[in-house]
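The first chain written gets the first letter, and so on, giving A, B, C and D; residue counts start at 1 in each chain.
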Amino acid sequence: MIKVGIVGGTGYTGVELLRLLAQHPEVEVEAITSRSEAGVRVCDMYPNLRGHYDDLAFSEPDGDRLGACDAVFFATPHGVAHALAGELLERGTRVIDLSADFRLRDAEEWAEWYGQPHGAPALLGEAVYGLPEVNREAIRQARLIAVPGCYPTAVQLGLLPLLEAGLIDAGHVIADCKSGVTGAGRGAKVPSLLAEASESFKAYGAAGHRHLPEIRQGLTDAAGVPVGLTFVPHLTPMIRGIHATLYGRLVGEPGDLQTLFEQRFADEPFVDVMPAGSHPETRSVKGANLCRIAVHRPGNGDTVVVLAVIDNLVKGASGQAIQNLNLMFGFAENAGLTAPALMP
Amino acid sequence: MIKVGIVGGTGYTGVELLRLLAQHPEVEVEAITSRSEAGVRVCDMYPNLRGHYDDLAFSEPDGDRLGACDAVFFATPHGVAHALAGELLERGTRVIDLSADFRLRDAEEWAEWYGQPHGAPALLGEAVYGLPEVNREAIRQARLIAVPGCYPTAVQLGLLPLLEAGLIDAGHVIADCKSGVTGAGRGAKVPSLLAEASESFKAYGAAGHRHLPEIRQGLTDAAGVPVGLTFVPHLTPMIRGIHATLYGRLVGEPGDLQTLFEQRFADEPFVDVMPAGSHPETRSVKGANLCRIAVHRPGNGDTVVVLAVIDNLVKGASGQAIQNLNLMFGFAENAGLTAPALMP
Amino acid sequence: MIKVGIVGGTGYTGVELLRLLAQHPEVEVEAITSRSEAGVRVCDMYPNLRGHYDDLAFSEPDGDRLGACDAVFFATPHGVAHALAGELLERGTRVIDLSADFRLRDAEEWAEWYGQPHGAPALLGEAVYGLPEVNREAIRQARLIAVPGCYPTAVQLGLLPLLEAGLIDAGHVIADCKSGVTGAGRGAKVPSLLAEASESFKAYGAAGHRHLPEIRQGLTDAAGVPVGLTFVPHLTPMIRGIHATLYGRLVGEPGDLQTLFEQRFADEPFVDVMPAGSHPETRSVKGANLCRIAVHRPGNGDTVVVLAVIDNLVKGASGQAIQNLNLMFGFAENAGLTAPALMP
Amino acid sequence: MIKVGIVGGTGYTGVELLRLLAQHPEVEVEAITSRSEAGVRVCDMYPNLRGHYDDLAFSEPDGDRLGACDAVFFATPHGVAHALAGELLERGTRVIDLSADFRLRDAEEWAEWYGQPHGAPALLGEAVYGLPEVNREAIRQARLIAVPGCYPTAVQLGLLPLLEAGLIDAGHVIADCKSGVTGAGRGAKVPSLLAEASESFKAYGAAGHRHLPEIRQGLTDAAGVPVGLTFVPHLTPMIRGIHATLYGRLVGEPGDLQTLFEQRFADEPFVDVMPAGSHPETRSVKGANLCRIAVHRPGNGDTVVVLAVIDNLVKGASGQAIQNLNLMFGFAENAGLTAPALMP
């Protein structure tokens, strides 16, 4: 049994960590911090947790208390982990950061997209990008994990087999992605109101989204050459779920794509390659730490289409964070992550 | 580890049994039957179960195979359990029926509401109404359980404290209930289409609904006098959840209603009396075997208002069925039922 | 052709006035005010209006400009009409107030529910409650209209026939009401987010809601005796629509209730009494200025159940406001209000 | 005032014709046919039409009665218009077919995609593809109109400017399209249930969809060279609306794309090119006969992204059919089509 802390637990990834950790056999939540809600019991804010964390209340961030934890999750806006991670690492606490703070290896690129200087460039060298399907061994040894973003998880898992095998034109990849509204967080903004966002569908950020450089970095690693990516995110009227529709142009004859995907993910506990001809539904992963993928080649032409779905709050955030924790502490990789998706 | 079978597993209560039993430490699913889908793997029909029941396929109902199980759930339309329960009981298999077949003690009343003769009146004597909050000890000894309906669960739990204590006019109780669309089952009917049922709200069955006599029977037991009930169900555009708004007229000064409710359910693991002034949300129980209740007395007048929420597929069906199983087999009452609700 | 102004046009009732007035043959929108959005074109905020009001921008409230209008709508939070109505009336401009400012005849009761003194008690004497089904003749002569609230419209129309005829116990009436989320306005509040309000159902304000005294006032007028009302509003996951389920206890034999309702509303252009046995759906009035009603007497007992649906933004607000305008200016009562509801 | 008939009026495009025609100043609906619902009043099936077509009932198809109409709409499954159009044309009745029967010019290609022989190849020569933005003059003279499909309308309008100007690689165009569930019609199918289709997102028909050859035909006409199209439709959990996200690779320097689009559609009453940088929402056209378009060039690279939204039942079906009717009969092109979209 290890002790963990959660910094910034009032948002959706925070409550999702609590929901999943309630079923984890090896983890106890020692502290959850929130300046704005300090003193409020988590189950008063999230009534689904009544009966699970009845004695746990949000507290002011406290270095001693967090430093006494074996690991601390950051479920915070960008910039916070920059400020606090170093101190925790010095105390011997491992850090699993769900924010974007350590996802980009290049501090200048980070500064450009986030509009402020990188706050902890000295830590970038040891930060491990927490996509187990790529970095499992490094994660096991890591002290500092940058949990991938939601879109980046779906897009990378869908495109890795093709780019690693050099089967598509790396210079012109298209990722048309659709997200439920929890992707926008729990902030009170007019466009996220039910009256505004339901019964409608729209793109956003077509000119450039912060997940673009993160995806590009990961895809470039996989391809071994620079990847040119057009990434258009959309908002779809549902709570959870991301659907990535990925398009690449085949260069030469690719062989059997279904087999390629099945082999690439044969040993992955949380990637499910669907049978040929499938169209995965986001609801099939609702609440579960899974990416389901299908690969199509319409009309046997030179365009390959990959369909990848995740729950943005689970495999796209909190579930993947716990998967990383399990690897770091030598637990079963699926500890706390065994429940089937909620369907219907 | 016991072996269970499921008869009629293609509907929503069937797949929900599988979802919950996947997390049950003491139960193995031996067989799941469906005439129409025999041969189809359950995970091909319900992709959320991929990775959980990969070898389980629907099969033709087979008395020998079901009779070899320790317990069999019926997740069937009415009439089926009538036909099969007797044989299974003779073989020593316990029967947990999620349909309406054994809910009414009076075979003639059953015949009147269901438009056909009761098919197994001889079994009515030993059938136990599976509401643990009322019949826990009888359930422990039972061979045949009639799992309560979804509306009846919410309405009875909400009204029991008041009627048992004789605090309201039993002759004039009102239950205004709202259900998500899974309450109508998985049948392909035009009114259940997303294009018809979303962005709309309506009542149905105002002239009389089959759950009325079941609720009335349970409330009358609690009150000790005949209960006059007006029950109006409504359809609300969501997948899961029932919200019962219950109105009674106080007879005399009732004392502290909050305390009354808290005491009545103090030892109940799956009834959560919310703090005074609360308004429980259905999402706070989504996927969980819980009934959350709040009691109000507007303007300190003579009308008491009770708000009770459940997930119709869990505490209103499959979760409650497993709770009964746990009691019957001496397992922890919450075995397989510990996960928090999925929120958001 | 008359000229109208709209004060406070950024909310949902403001845009709904614009949507409906775009089809009105006798009205031109001269000005629409908003301090916070002054200078913004309405079609930049509400793209559905592109092509309809391309030259109309929000402006600072300006007494001269508004006073040059024949009529001014207030689509404002409470208190604003108190401050401005008097001056406009002096200039000869008629005022149609969609807020709560002039709905209660008793300034002290108003102050109690709204937590501030009534700002224009001198105008209460001439304010006409704009429910045409009750006050049509007074509306024709009025200079100042208090447009009824959304819940009050549905509840009063559903109960008027019974209370006017003295058929139910006026001391114990129950209104169980369900509203879509636009009823909560366009304010950015966490509970109104799609991620919070969809896939869920809840009651709110069970202890007392500001529409209670307004409804009670109207029902008491109809009954001729004080009406005791229990009013419980609920939030249902949809954009538009109110469904009122109304319960009354019959005193004596009521005769044919269907006929009673049909006769009461025989000449009403915007009340539709559905055939006996009907269950009106809110979507059947989506976007339309209509109240559809059905009356039931379950089991031929002593409880009568009325089902009434409106679109909260149309018959519950902006449509009704225009219906009042039509009466005040001698236009056809349905001018601008002839479009069928949008279904599906 | 002309008389029109509607064949097959029980589906969503049928009721939408009635909803729109109720506001048309020049059209009277003389007959609406349905074998299955003959004798049923349309307002009993579609209560939103109560008060609008109270005397109109579905009738058996009758050549004399339909032939006495000036124009007949077909809102039928494919094959029906093949069988009936010829006879009506001989009687001098103009035919506006909302089905796919006359959309493809090549009868063999039609037969291949629809799995049955083309039933009226002799009429193909005079059938006019009813996209006014391309064929306005031909439509004015036409006796037989093939109303474009919903996806084809959005995709063609979004790509026409680029292909007509030869700015993108015609061999590799991608159309990633998202539709609300009314696109699947009113048939009672399990995947269209609210419990199955809401809170989820999925692709379908990735291997080939019947709208593909129709789109390809239109785009090829525009480009003057064969167009290679990858078309992936998706189902999004909402009632109405299509969002097309279109990707093309620029060949050479394109000049100002915003100006290109604005000029192409400068005189089009029902195409709205949004300001640069916009992301049109489907709700901004809900219920309205409009296509709103935005064009983006992310990172100033060689990929152009076009966003196009329509209401699939209006500009994607019934509204466009009426626009064609207006052109054919010399009415104002926007007669009956002037109402703003319903938002929120």
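Basically, a residue touches a chain if its C-beta (ideal position, glycine included) is under 8 Å from a C-beta of that chain, and two chains touch if they have at least 3 such contacts.
If you're wondering where the values come from, they're calculated on a predicted model, not measured in any experiment.
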Quiz item: Is it true that over half of the residue numbers where chain B touches chain C are used by both copies, so same, or is it different?
Solution: same
Practice problem: Give the chain pair, either C-D or A-C, that is connected by more C-beta contacts. | Solution: C-D
Self-check item: Distance from the mean Cα position of chain C to that of chain A, given in whole angstrom
Solution: 45
Quiz item: If you average the Cα atoms of chain B and of chain C to get two centres, how far apart are those centres in Å?
Solution: 39
Quiz item: How many angstrom lie between the CA centroids of chain C and chain D, rounded to a whole number?
Solution: 36
Self-check item: Per-residue multi-chain contacts in chain D, two or more chains
Solution: 12, 180, 182, 195-196, 198-199, 237-240, 280-281, 283, 286, 344
Exercise. Pick one for the touching-chains graph, please: line, ring, star, complete, other.
Key: complete
Exercise. Could you pull out which chain A residues touch chain B in their complex?
Key: 12, 15, 18-19, 22-23, 46-52, 182, 199, 239-240, 272, 274, 280-281, 283-288, 290, 292, 338-344
Self-check item: Contact set on chain C toward chain A in their complex
Solution: 12, 180-182, 186, 188-190, 192-199, 237-239
Practice problem: State the interface residues of chain A toward chain D in the complex, per the touch definition above. | Solution: 172, 174, 176, 178, 180, 195-196, 198-204, 206-208, 228, 230-232, 234, 236-241, 243, 245, 247, 249, 277, 279-284, 286, 294, 296, 298-299, 301-303, 305, 307, 309, 344
